[in-house]
Amino acid sequence: MSPRDPTKRKLVTIVAESALEGPIAKEIKRLGARGYTIVEARGEGSRGVRQGTWEQNSNVEFQVVCSEDSARAIMSSLYDQFYEDYAMVAWAADVEILRGDKF
Amino acid sequence: MSPRDPTKRKLVTIVAESALEGPIAKEIKRLGARGYTIVEARGEGSRGVRQGTWEQNSNVEFQVVCSEDSARAIMSSLYDQFYEDYAMVAWAADVEILRGDKF
Amino acid sequence: MSPRDPTKRKLVTIVAESALEGPIAKEIKRLGARGYTIVEARGEGSRGVRQGTWEQNSNVEFQVVCSEDSARAIMSSLYDQFYEDYAMVAWAADVEILRGDKF
Amino acid sequence: MLENLLDPIILCFALGVASGLLKSDLRLPEALYETLSIYLLLAIGLKGGVELAKSPPGELVVPTLLTVALGIVTPIVAYAVLRRLGRFDRADAAAIAAHYGSVSAVTFAIVLSYLARVGASFEGFVTVLLVVLEIPAIAVGILIARLRSTQGPLRWGALLHEVFLGKSIYLLAGGLLVGWLAGPARMEGISPLFFGLFKGALALFLLEMGIIASQRVADLRRTGAFLVGFGIGMPLVNGALGALAGLAAGLSPGGTTVLATLAASASYIAAPAAMRIAVPKANPTLYLTASLGITFPFNVILGVPIYHWMAATLHRMAG
Amino acid sequence: MLENLLDPIILCFALGVASGLLKSDLRLPEALYETLSIYLLLAIGLKGGVELAKSPPGELVVPTLLTVALGIVTPIVAYAVLRRLGRFDRADAAAIAAHYGSVSAVTFAIVLSYLARVGASFEGFVTVLLVVLEIPAIAVGILIARLRSTQGPLRWGALLHEVFLGKSIYLLAGGLLVGWLAGPARMEGISPLFFGLFKGALALFLLEMGIIASQRVADLRRTGAFLVGFGIGMPLVNGALGALAGLAAGLSPGGTTVLATLAASASYIAAPAAMRIAVPKANPTLYLTASLGITFPFNVILGVPIYHWMAATLHRMAG
Amino acid sequence: MLENLLDPIILCFALGVASGLLKSDLRLPEALYETLSIYLLLAIGLKGGVELAKSPPGELVVPTLLTVALGIVTPIVAYAVLRRLGRFDRADAAAIAAHYGSVSAVTFAIVLSYLARVGASFEGFVTVLLVVLEIPAIAVGILIARLRSTQGPLRWGALLHEVFLGKSIYLLAGGLLVGWLAGPARMEGISPLFFGLFKGALALFLLEMGIIASQRVADLRRTGAFLVGFGIGMPLVNGALGALAGLAAGLSPGGTTVLATLAASASYIAAPAAMRIAVPKANPTLYLTASLGITFPFNVILGVPIYHWMAATLHRMAG
């Protein structure tokens, strides 16, 4: 397959409280993703409003493009480790990339 | 259905001028979404460049994972109320989640 | 078609080092997109960790809703121009919009 | 005049404008803009509160009433001009009028620093007039825009909230209260930050405002020649009305200059925030371009000395 | 008391609380919060280092040992109270206890400025006590939470790293070292920023803390009456223990007041960061509401004068 | 030397480096980094402008010409060394050479504060030399990289724009102009912010630069031993060339020290920004690691006293 053919991957998006930034990054890489992108976020969910005014109420959003297997592994591992005790949500979507070997 | 089976939901993304942050958040929750995530944004569109240098030219981006019905309702309600007078765009995509009862 | 029928478009997401912000914005518009949204980002990838602590290690994330043709053109043009020399990744996804004439 | 142009605060504004026009890649972080505007509003309030503590409260009554009157009259005049001569629609005219009836706290800071430089004294309670003049015009503008409007009932509660609890009035009035309660002696510990650095912070803020104003210049072509004329003519008219009100209120020449400048200044923090929500049909490009792209630079560079001259002349004529 | 309430620093805190409760749209950028907290921690450290350079090291031994003892005893007392009387589960009780055993650097800054205002002197090495008291309670809290826990082995390395290299301790201890190495003369160039502006920056930070604290007030109903009582009673008990320790350590009345306030204060930077990772089952709403929503305002407004009175009374009784 | 190490500015840099190496969770917000760099560049310019106003313009001619010559010669020397001895490819060698030919404004600020500490005077116009030396090396680096390159025509317009209107030169040159136009008396109002706080802000910025530099240390293994040697040897050579140029230009020993330090310093704001766009094939890890990870710390800790010694020795030799 030429490197320029569009290839299918998964995009996993995780929104979590900032305290989890380190552990999530480590877990993502352990489970086979080659990279991730982080943006600062705030929001609201089942654990109330998180206004992003100081370190204890701000979120980070991870975006990870990876294989379907990694996506599945990342979602369930994060779910198992953090979902019960921390503010966190995650979702996955289908995406196309140009360079299959990159992700 | 086990809570760990992947479930289909919609992800609605709304980019709008910062002044709409309060009204949009209220509307999203009124129409059935259980949460939302906000990130600071800037950009360009039909109403010109919005550089994000001060309060009058910065945007916010909302991401809302919700049911298909809520997604439809949120998109058309925001469209009806704000599209004509404000800098705003919105789009929707399919996503999978692990915990169906959460969204 | 009524302006309220959902219409299919592509969402192209590009994460690149901040130095490329100007060139990417220009290219996006040249290739037919009517707008874009930018958020500040950091992350990790094949070129190492980019912590976002100063101008030389911060990223920007572009989100562009556009036609399938534009999406294809944007992805390959950016790929050709920047991929080899710069920290950059891109992916595309299907989205629905309400106002077809807007994008 | 040249003296005014060589003030480093004004030069920093020019540096910002040039940066924008030359498309320099200088970009101030939004957090710095927000921090500076919070700092300046709070510092203006605190300083005003300390001065207020020294004024007998009775002296405030007449100037305050006349300032409220100014805040009602000037937006009505502006609205009439914009509708009749400018042919703007109701929403645009009302929103622009609200901006010109309201005030700019930064222009206020600049007239105070101007008066300090030329050695003119003024009443300690002028900051109260700043706060008082900020509000009524916004309410008048909204009322005009909503009269016979089809937009559904006006939610006054939400609006009063928006105006009184907007960051601008909240910080000015809150600072005023804190400064007044604490009084001069207790403020000493915090004065190096809030008073000592004030002019420097103003210079930095004007650098930023210059960049923002320059981005508006590109819109001038679209908004048309009338708005340019309005952006210079209206402050002159309002400045004259303010100078008359100051004279009538028994203010000193310095205090009269301050009131004239307040009347002449156009809001760019409180009014845009309120108008965007209360008068959505009004086009922000129009009011921001007029207020920030034309009137603000005009006032800062030429207007303040003119209002000082107006005040001095009126006082001389009045004997 | 009234004198304390009229300090502009306290008034700014009130302004922040009011802003939150009235839902004003005043929002300070997160970058400003972070910058101010980094600045304050570093400045406290630097100032302490300069003072430390003047103290003979021997004088430090006894106060330091007694401070460590305080840092072990107070969280154990707090834990017992929370479990027995408050019926909190182990994780919540341990995490809250860690907060009350540890310290708040901002409360420390406020007691120093209070003592300066009332003209009471204190030992130059008190900042060392601040740093020393910050850590043990966090370790004790974690130990208690993990005893007989099913959570798997505790990774002590990671935890010690988290605590000692957390921003709060790193900046305080680092500043202490820099100030001590450089000494008073070499610090002069940087003192306008780090010392001259300190009180003003504290006022601005308290405006922000007021907004954040007010957001916690909404949680009070959910967290219950016991926590309110605990948030006021515990600092009084800890303050008394701290005052006794100060007396026993041979500190001056001023130094005793500082140690009492340190013991009475509850952490909201180092402890929440460490607890969130080390005791995930503990609910942050509980410890943040108690520490920031109740104890911090109580200490800042009423507590400091009370601890000063405790210290003075003990010293008088001890002759 | 020890005296230099105990300067709190240098100690703050060490604190930042240690924070990075120990993986402390101290993180300064990017907005603070940007604000400090804008503030420092503008303040350096303003200060230089005020001093410039006191110098007779004629005195500037020879030093300016020799500084331009330095800006052309030093990158060519550096390029030759990197190609011949270092075996770097054309793009990398040219980009690194541009960094070493250009200057670091922070290193400039540090040499001025060093000279003030040791009581050596220098010419008022040295800031002009800083601005003059920043540009030519960048142009030379780009020219070398593009000679016989297959990359298509060089868009000079865009490049000149990038260099002259980059934030670094724009703020330095703009500040110089503002300070010069306003003159000492009118600057007084803004001097508490721009001059009074300067050293403290520099300390805070160096804390941040320490963190950033420490992140580069990890790259040292990958970039190799040659680059470490280059990062120490090249500034010594350039410092000697700068000292000779200063002597030839008739500068005082203090002014000669400044020019030597400028020549020895490597850019990390203007050059990386320009190189990333103009020489995309050059690997940023190489030039950032050399400039920030090696040369900056070397200059700040050891280099400045060495250049001072070079200048003094040359002046003594020259009689």
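Chains here go by letter, A, B, C, D, E and F, matching the order in which they are written, and residues are numbered from 1 within each.
The rule we apply is simple: a residue touches a chain if its C-beta (ideal position, glycine included) is under 8 Å from a C-beta of that chain, and two chains touch if they have at least 3 such contacts.
Fair warning: this is a prediction, and the values are worked out from it, not measured in the lab.
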Neighbouring chains common to chain A and chain F, by label: C, E
Of all other chains, the one whose Cα centre sits farthest from chain E: C
Geometric centre distance via CA averages, chain E-chain C, whole Å: 46
Cα-centroid distance, chain D relative to chain E, in whole angstrom: 41
Intercentroid distance (Cα basis), chain C paired with chain A, Å: 19
Touching two or more other chains - residues of chain D: 27-31, 34, 192, 196-197, 273
Sites on chain C at which at least two other chains make contact: 39-40, 52, 93-94
Every chain pair in contact, whichever chains are involved: A-B, A-C, A-E, B-C, B-D, C-F, D-E, D-F, E-F
Touching residues on chain A, where the partner in the complex is chain E: 17, 19, 40, 48, 51-58, 82, 85-86
For the chain F and chain E complex, residues of the former touching the latter: 6-9, 11-12, 15, 18-19, 22-32, 113, 192, 196-197, 199-201, 203-204, 207
Residue numbers on chain F that touch chain D, as the complex places them: 29-31, 34-35, 38-39, 42, 46, 161-162, 165-167, 170-171, 174-175, 177-179, 181-183, 186-187, 189-194, 196-197, 273
Chain B residues touching chain A - in the complex, by the definition given at the top: 4, 6, 9, 11, 25, 29, 34-40, 63, 65, 93-99, 102-103
Chain C contact footprint on chain F (complex, rising order): 27-28, 30, 33-34, 208, 211-212, 215, 268-269, 272-273, 276-277, 280-281, 284-285, 288
